[in-house]
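Input: structures, listed below.
Look for subunit A in each of the two complexes below; its partner is subunit B in the first and subunit C in the second.
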Partner chain A sequence: MKPDFRKSMVWLHTYSGMVLGWLLFTIFFTGTLSYFNPEITQWMQPELQQVASSQNSVNRSLAVLHEEGVNADTWRIYLPSERTQKWTIQWRHGRDSHSLDLGASLGSILMPRETAGGNFFRIFHYTLQLRGYGGRYIAGLAAMFMLVAVFSGIFTHRRFFRDFFTLRTGKLLKTLTDFHALAGIITIPFCVMICASGIMIYVIMYIPWSAEHFAGGERQLSRSLSPGLSQLDSTAPKAQPLIDFSVIQKRVNQQWPGEKQIAVITFEQPYRASGRIIVHRVNEHTLSSQSERLVFSSHSGEPLPSYLPASTAANVRRVFFGLHEAHFASTALRWLLFLLGLLSSVLIASGLVIWLSKRLEKVKKRHIGHAVVERLNIAAISGLPLATAAYFMSNRVISLGVDNRAFIEVQVFLWVWLGCLLHSVMRPARQAWIEQLLVIAALCLSLPLLDIYQDPARFTRALFAWNSIYLGFYLFMFFSAFLSFKTARWLQTKPKIATPEKATPQIATPQIARLRAGRKA
Partner chain B sequence: MITVVVLQFIGICCLSFAMDKHAKVVLAKRINQGFKIGMLITGWGSLTASIVWLLLTRDNIPISLVDWLAYLSLNILLTALLHVYFVNRVAH
Partner chain C sequence: MSLRLIAAVVGGYLVAVAFSFACVPLLVLSHACGEKEAVMVSSMLSYLLYFAVIIVSFCRKSSVLLWRDLALIMFVCAMVTYMLGTG
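Our next item is the complex of A and B:
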């Protein structure tokens, strides 16, 4: 018999999405949050000041480095931006590394609280906290499954174009199915781009044999594809590094017109005559993850030969990397990408719920698989946002003097998430959904209030300085609280669907009993 | 960018009106072939105009194309929500 292509695609779509659905939801949700990685970090380090508009910041950094980083091998200056508000200097002697965060007023040094910040979500979404234990391989596999689910999903629609804008409201399952299809259509380019670029970032790791064959290893291949600068002579005579950066600044301005074009400045061997300065441009002008760079002498400020052009393969990979991380995105585009990321997460979540609902409609008696899917759905779809809210809360609750604060924050996230799984197993499904959603609402609502209670000056400072990032975080928390609360209320008021186990219920709720009595009468 | 977004929205709306099912809901009548072709031409024309306008007015073409695709997704969502609104209005 000739196999039915559409049926095969439906099967492929169902099970490619189903098998890794919870993992995909986790990766997409945390990945979506990491679009606002610096903004989240900024909120989680309220001690940081508005330093983006500081004047003469490079020379001020150099003055501190001349005092603190004497005879260091490397100096590095991370200049502040509106998104980070973090002005950091680093110096290194061999493997011994030090850093300082500078404040807006002259000579001030900030001591922001230790936190894993928004970077936790970024790292988690591709390592799953399993770096060194195959986390990146699992994430890569999930991306491949997602690509299969996206493409097979296109063929599962009987009337792809006819129903392009269809979203029927009324019955929950119909609305969910339509929304799943619509979200799928809208996010096709986004999902393809994100999954393909996610795979491309670690392509050398996923296909190690070619790297071994062509260059003798992953590192060697990377080096041969994108050659770095020449090795510095560490025995060269001593020389004093620049004190005034204006010589270089003039040259930089000629090359890169516009204000605030420098993101990072690295001094390599600053106390040697052979030392050099690498100036990295902000990467909002290119899709590539590698921003433009200029190289100068560290003691005379004269231009030096720059990087050799990277190979096409390396450039393609960098563009994919850039597309994935979207450093180039303006605020509007960043919000759009965030919205698309959320839509993709909802797409996956709705697919998981549809899978279960459709099967429960058909079967007379549930089996263990249904219960497992139902509980994992709750733990993933409401448990993950709850763990995220708890993570933010831990940032404000854990005492500032505690050692390993960042580690404890991450532990809070993971334990709360595990707690959500246990809670979903122990409680009836609907109650578990409602309770977890209500806890999310409570946490999201109390987070800004607790922040204001802890230090009202933070809020007033953000308000008067119109710090849109800090205030935006508050608003987003209020919105999340509202959304969670409304969903929980809706679930509470929604009449119970007769599940297979309760197809002929022995105990009816008072409302249903009254309805039945009315009908009989 | 506003011009591009508006042109995209017009384009997507026109393309949705060119579909029997959606046009029937919004316009509350069956559409004839002429109207359908007109909407198709206006829709694709508007989308083409939006991308041409983008290429002519923006310096950084690669980033602008990412912008264009992201706004296109938003406009499809908005058009779908608009259709939901019309469906509910007709139903009531």
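Our next item is the complex of A and C:
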């Protein structure tokens, strides 16, 4: 193999990053967007009103449920928060489930447009729209690749600290290489945390045999590690569910001091004497993905025995889960994580570009592989943001009454992305970059304008209520438009072919030569 | 080269699976935790081993020695599982 440890790490870094680079970029980009999952959904459902500050919301939900959900098996109330602005009640008879979105004024019911919202990005970033076909295994594999790439990337630097403080401007490749090193060092903790915790979410699913042998399967294992509540007796005598929640609210306030501590309230068998209420706390107080819960009787409001504490191992796994999802993060920390996520995406993208341009400088005759990498780079790095912008655009353009609206939005995303790939194949590489970046700029710029044109009331309402989330989305769109426009302009003015460099230590070349030799052998 | 790749991806995975079995009786016998919990702990730890195998596969000098070591680890894990296995 390679003569020393560092050389082999350089090789490993180059190829572990390259092979799945586009997939990693996709996962990191969509995953980063899902840090703002509820915020994006809120923007994509502008029919929702400011309901977070509604008074007495639990009792009002209960009043509706008493009317609509008679004799249901479960009731559920999702209380609104500043982030979601979504206040939903749900009731279920067996498998038959209904839900309503409540509005701020008394008795009003909202009909938000049908959309997958930001949740699409969340689901996409670990299933890749292939949930039944091993999408989650691919995502796990990608996480492992990223860990290997990060680890080996550390050893590619002979002078770790000097490299950190170097940023040569002027030549594109040098700037990119220095930027790659800089961004890489900044995002080491973030990438390790995100990849390791991503794997830990499906820790048993990826290596299931031990759990199957000792516990009989993943489900049985997690049931014995974090026991649920006892099965409810659905033949118990009938009883009316309580109407006034204040009995419980008082007890909840004693346990969880502070305003607005409840996120979700679940009623199980509300019309039976054995029925119970499970109150879920908002999950910003804990690193774990499982928020605290309290259990009460559904007709008297008396406290019932709650969940048994989960075992340490299960809790450790939940903390990994919680770290990955970052529901605990306050706004500032969330933005920091978002920026780190973006920086990691840029890190991967710059790595891919470096891989290509280093090789294009050296070779006289292009190999087919170079063309493939070049086109895939364009389709992933500029095509994915373009498809994302198109997804937002379709949310505003597709008329509201269409069947399967949410599905069509996702289709738009996928087809536009495919279109980007085709476009990148048809056009010369630099033209393809510039054109796609300009389209992104145009889409991002026209999104807020279109939104204001469609219904100026949305904007004025958000402005007067100082809805920082809605306005923040506008600002971020303008910012993205500006950024991609600037990049496109800069690409236009850049000299056609980068002048070959001489004095820089080229690490990767002997490896390729050796690799080629190895392939032939 | 391809031998190393297989060692890293497949061999590493097999070592991780073997470890996720073998570690359970060890944890139980050392009274660290109950059996079910041990399954979770050893599954989590097995990924560390997987990662280590990947890195080692690409920097060992000889791929024969590499495969010998992987086989050795798997053999030891299998022995531990059968000798001490309670499940």
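One rule holds in what follows: the second predicted complex is superposed on the first by the 495 of 521 C-alpha atoms of A that agree within 3 Å, B and C clash if a C-alpha of one lies under 4 Å from a C-alpha of the other, contacts with A are read in each partner's own complex, and residues count from 1 in each chain.
Please note the rule applied: a contact is a pair of C-beta atoms (placed from the backbone, for glycine too) under 8 Å apart; a residue touches a chain by one contact, two chains touch by 3 or more.
None of the values given here were measured: they were computed from a predicted structure.
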- Could you look at A:Phe459 and tell me whether it touches subunit B, subunit C, both or neither (first, second, both, neither)? neither
- Task: Please work out whether A:Phe165 is in contact with subunit B alone, subunit C alone, both, or neither, and reply first, second, both or neither.
- Result: first
- So, A:Ser224: does it touch subunit B (first), subunit C (second), both, or neither? second
- Touch check for A:His285: first (subunit B), second (subunit C), both, or neither? first
- Task: Tell me which partner A:Trp75 touches in the superposition: subunit B (first), subunit C (second), both or neither.
- Result: neither
- Query: Once the shared chain is lined up, is A:Leu12 touching subunit B (first), subunit C (second), both, or neither of them?
  - Reply: second
- Check the residue A:Phe214 against both partner chains and state whether it touches subunit B (first), subunit C (second), both, or neither. second
- Just subunit B (first), just subunit C (second), both, or neither: which does A:Ile185 touch? first
- Task: Give one of first, second, both or neither to describe whether A:Leu323 is in contact with subunit B, with subunit C, with both, or with none.
- Result: first
- Query: What part of subunit A is shared between its subunit B contacts and its subunit C contacts?
  - Reply: none
- Inside the complex, what are the residues of subunit C that reach subunit A? 1, 4, 13, 16-17, 20-21, 24, 33-44, 46-47, 50-51, 54-55, 58-61, 63, 87
- Can you list the subunit A residues touching subunit B in their complex? 161-169, 182, 185-187, 189-190, 285-287, 323, 328-330, 332-333, 336-337, 339-340, 343
- Message: Going by the contact rule set out above, which residues of subunit A touch subunit C in the complex?
- Response: 1-2, 5, 8-9, 11-12, 144, 147-148, 151-152, 196, 199-200, 203-204, 207, 209-211, 213-215, 221, 224-225, 311-314, 316-317, 515, 518-519
- How about subunit B: which of its residues touch subunit A in the complex? 1, 16, 19-22, 60, 62-63, 66-67, 69-71, 73-74, 76-77, 79-81, 83-84, 87-88
